[in-house]
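In what comes next, chain A is part of two complexes: it sits with chain B in the first one and with chain C in the second one.
Here is the complex of A and B:
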């Protein structure tokens, strides 16, 4: 039952190897995409409320604009982590 | 998860903005300084602060204490309308319900004016359009001659059921109906999630404080038991129906003693006694307690309606304090008496 119909040509093995390598590259690309994408969605959710609060605060007190801006971009660091992971995946 | 029957819960913007507005309120250290000013200086002082627009607008029409009074009322109405303008969905819904307090206040003012035969102009000047009823609507209702016309004017509002039975005469029943209507609407407007439970407790505490004031006044005046029970609003946090029934049936001495069983004792312990000369101190202490409590709970759930309720209470208190100082100065009251009336 374990007998395989016919023998596999050496060229076919090479081809299969190439396909496997290409598949891996594809998975790496998906992984890198997920790393940036999910980190972006996460920080977007975090920034949503901070940004709304910052706009609310400086609608009343204009001098809070600088502070509000800094607070709003703090979750942005998470995207940078995602980006770093994506670069590591793609180039190392 | 993100939506309920009243729309989404967008609290981040409104609470941050309200905190910004709260930071512009007059600081408590300023009130003692204002005691040293005369009426003209007080008018100039508030004319240079957040009340500038209102003082400027009304300066041509009024002067002296009338100018201060009208500027304060107009500013209060403008501030509360701003809260409604800048909020949406659930916060807007809850603020609308909470500010119906001013509709109730205006209806009471109009009915009282009619009852005591005050000229329509005086009633029109006393209304504060901070609720759902607009200024023009209130002015036209205040100008009506008969009680029946007033009832017809309120036909399409939620308040009609509370005043529909009124045939003239004593107002206590209709005022009581209005208060009960307001609080039952408010209690049913708040949901049951964790953050909202605290809002519910906040409203229930407010009912308690109102009931306590009523209890002190009526027990002090020695009103019959049934009459007092009618005046109390059900739904309090600590003073449940059973407690209210028990407190009403106690004698004045026992009533004062039994106050020790409730958490409000911490606020009342120094101002109440069996032979207290006046109830003024008690009312001021309960108002202070309400402010302290609202400030505390607003920090528990920063992204909820509580910081907004806190601001509404503080703004109203600021207006009351300014009015007290201005009126006190105009009547040449001593600083000590004015200070006793201030809630800081």
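Here is the complex of A and C:
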């Protein structure tokens, strides 16, 4: 193996390094995307049930709008965490 | 500000003969909240409605049905009408209007029915017009049966089967609407057999109208009549519109007068009365009490008296007191946001004035763009100019507030529609050239942006700043909570339930500073000890379940990083639109420049709409979820003034 490595031009090694860095950046981007996407799905699943119940309650009693909105948006924090993680991944 | 308007419970007692004059006075001063009297076992009974009630409500019913028919909607009116003038002509005018409207309604109904009949007949005649027979030939036979209807299948298949039963028949047919319409004349004795055959071809019977003559000609006649009716209906609608224009002011004004009359006349139903006195149980704002006392004294010379309960000595439940906001004008629009959640309790802090600052601040921090800010300012100002009354006006005002902070933060971030304004990527420098007079100023101006949301270096700083804003905001909530608890449950509870959270945060802060070597290492231990003291206080105050709430301090703080996140997503969309246009479309030139401009317009319109909705909801959520949960109880009753705010009439 060492003999083989010896035959590679130094400039080619630089190129391989560049490719590796580029690959890593791609993986970071995928990670960031997964962080937002999966967190979003999680929030969505949680919010759909609460939202439906809240609309039901709101239809019965209009003054429950504020409370319903609060209940509905509680799981939304999850996706904000995902977004923050993604931002940290991309910018740090 | 920060507190509900001070009110006192009061009782108005007087001679029953003076009940209606008293109602007149209370109704016109409009500052009393009347508590409905519920009959109990005592000798008191609810009062009897005035004589005017039934007559006025009958007229009101008549008037409302006219309002409905003419399609009159409440509007903003500048010229007020004299009540006496309206009252003088009310009966005569209402009677006349009622008969005119009834007449119009009858004519409309008659024409409508005729139109429906014609449509039904045309539907029946249309297939028959394809057969070469006049209508009178379909009936009136004794030895022949006439079968008319639709069949599926070819006539050449059906006819041989009929012929196999009898040769004595006559079949007329014509294709219509993917099927065949037939009429078949057969001797009565073969009716059953023929029907059985036709059943195989999915025979569907149709009714022949009892008319005479050629169906085609009859149809043409009906169609002519139909057009006439439609013309008549159009002219009828014009007449209704004329009537609406002519009587609109009168209808709105008399509706108002009759409503007031009914409300006054029915008011005794809410009061307690004995044989010769009446008792009104009510709430009165403290600053209006003497005015009301004086007015009653002046008018009734002591025959009607008012007395006030001492709110301090009486043990009055905070939930029973009706709440009227007491905020200066600019804060008023925020009351809509409070009501959306729940009105504060009487003894509670009313946070409208705080949201007045924080809501637009948060909104601006998220959107932060000069371009969007100015668009929203225009929308808000147009909204305020167009909407004079109603629930949407506070929202328009709020939009103006938010647009101002958006513009200010836009300057700090140096963004116009997602483009940079200052520095080497300045849009102005790109448009005018970096060495031109104007472009050069922007190109070489480096003081702004203070925070660069488009570059990546400042984003961690932005995240930290937003979390710190969160810490400040939440602790403001804890302080307000401390005040509320101290008043309602005493100082000890307040310290254990609210200050404990602040101690916990202090511990975490000391620990974190030590962990990042900002203070000496012993700080870590000290931090843990302080935090534990906080937890112990919390458990002492709220019980063991409080441990479950501990993580909320972290999630709540991180929740504020949405300022950065929501802002960045809005910047991201703007940035993407601009990149697509400037890098991909404009360089191709020609036709692509037009496409580029269209993409710019649509893209930024969509982003503005998202920009209004997303930061609005998130700013609202941070108030409701992160801020209010620290101190707010809510559930106060609205202070409903007994009275009527006149919109269309005045009393001279």
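We take it that the second predicted complex is superposed on the first by the 87 of 92 C-alpha atoms of A that agree within 3 Å, B and C clash if a C-alpha of one lies under 4 Å from a C-alpha of the other, contacts with A are read in each partner's own complex, and residues count from 1 in each chain.
We take it that a contact is a pair of C-beta atoms (placed from the backbone, for glycine too) under 8 Å apart; a residue touches a chain by one contact, two chains touch by 3 or more.
Please read all numbers here as calculations on a predicted model, not as lab measurements.
Trainee: Should the pairing of chain B and chain C on chain A count as a clash or a fit in the superposition?
Mentor: fit
Trainee: Mind working out whether A:80 is in touch with chain B, chain C, both or neither, as first, second, both or neither?
Mentor: Touch partner of A:80: chain C, not chain B.
Trainee: Should A:59 be classified as contacting the first partner (chain B), the second (chain C), both, or neither?
Mentor: First partner only.
Trainee: Does chain B (first) or chain C (second) touch A:91, or do both, or does neither?
Mentor: Touch status of A:91: second partner only.
Trainee: Could you tell me if A:70 is touching chain B, chain C, both of them or neither one (first, second, both, neither)?
Mentor: In the superposed model, A:70 contacts chain C only, not chain B.
Trainee: Residues of chain A touched: more by chain B or chain C?
Mentor: Residues of chain A touched, chain B against chain C: more for C.
Trainee: Anyone got the angle at chain A's C-alpha centre between chain B and chain C, nearest 10 degrees?
Mentor: Value: 50 degrees, nearest 10.
Trainee: Contact-wise, after the overlay, does A:50 reach chain B, chain C, both or neither (first, second, both, neither)?
Mentor: It touches chain B, and chain C stays clear.
Trainee: Could you tell me how near the closest CA atoms of chain B and chain C get once both structures are overlaid on the shared chain, in Å?
Mentor: Minimum C-alpha separation, chain B to chain C: 8 Å.
Trainee: Please identify the positions on chain A that touch both chain B and chain C, taking each partner from its own complex.
Mentor: Chain A residues touching both partners: none found.
Trainee: Hey, which residues of chain A end up touching chain C in the complex?
Mentor: Listed in rising order, the residues are 63, 65-67, 69-70, 73-74, 76-77, 80-81, 83-84, 87-88, 90-92.
Trainee: What part of chain B is in contact with chain A in the complex they form?
Mentor: Touch list, chain B to chain A: 10, 12-21, 23-24, 86, 303.
Trainee: So in the complex, which bits of chain C are touching chain A?
Mentor: Residues in contact with chain A: 340-342, 456, 459-460, 463, 555, 558-559, 561-562, 564-565, 568-569, 617, 620-621, 624-625.
Trainee: Along chain A, where are the residues that touch chain B in the complex?
Mentor: Residues 48-50, 52-61, 64.
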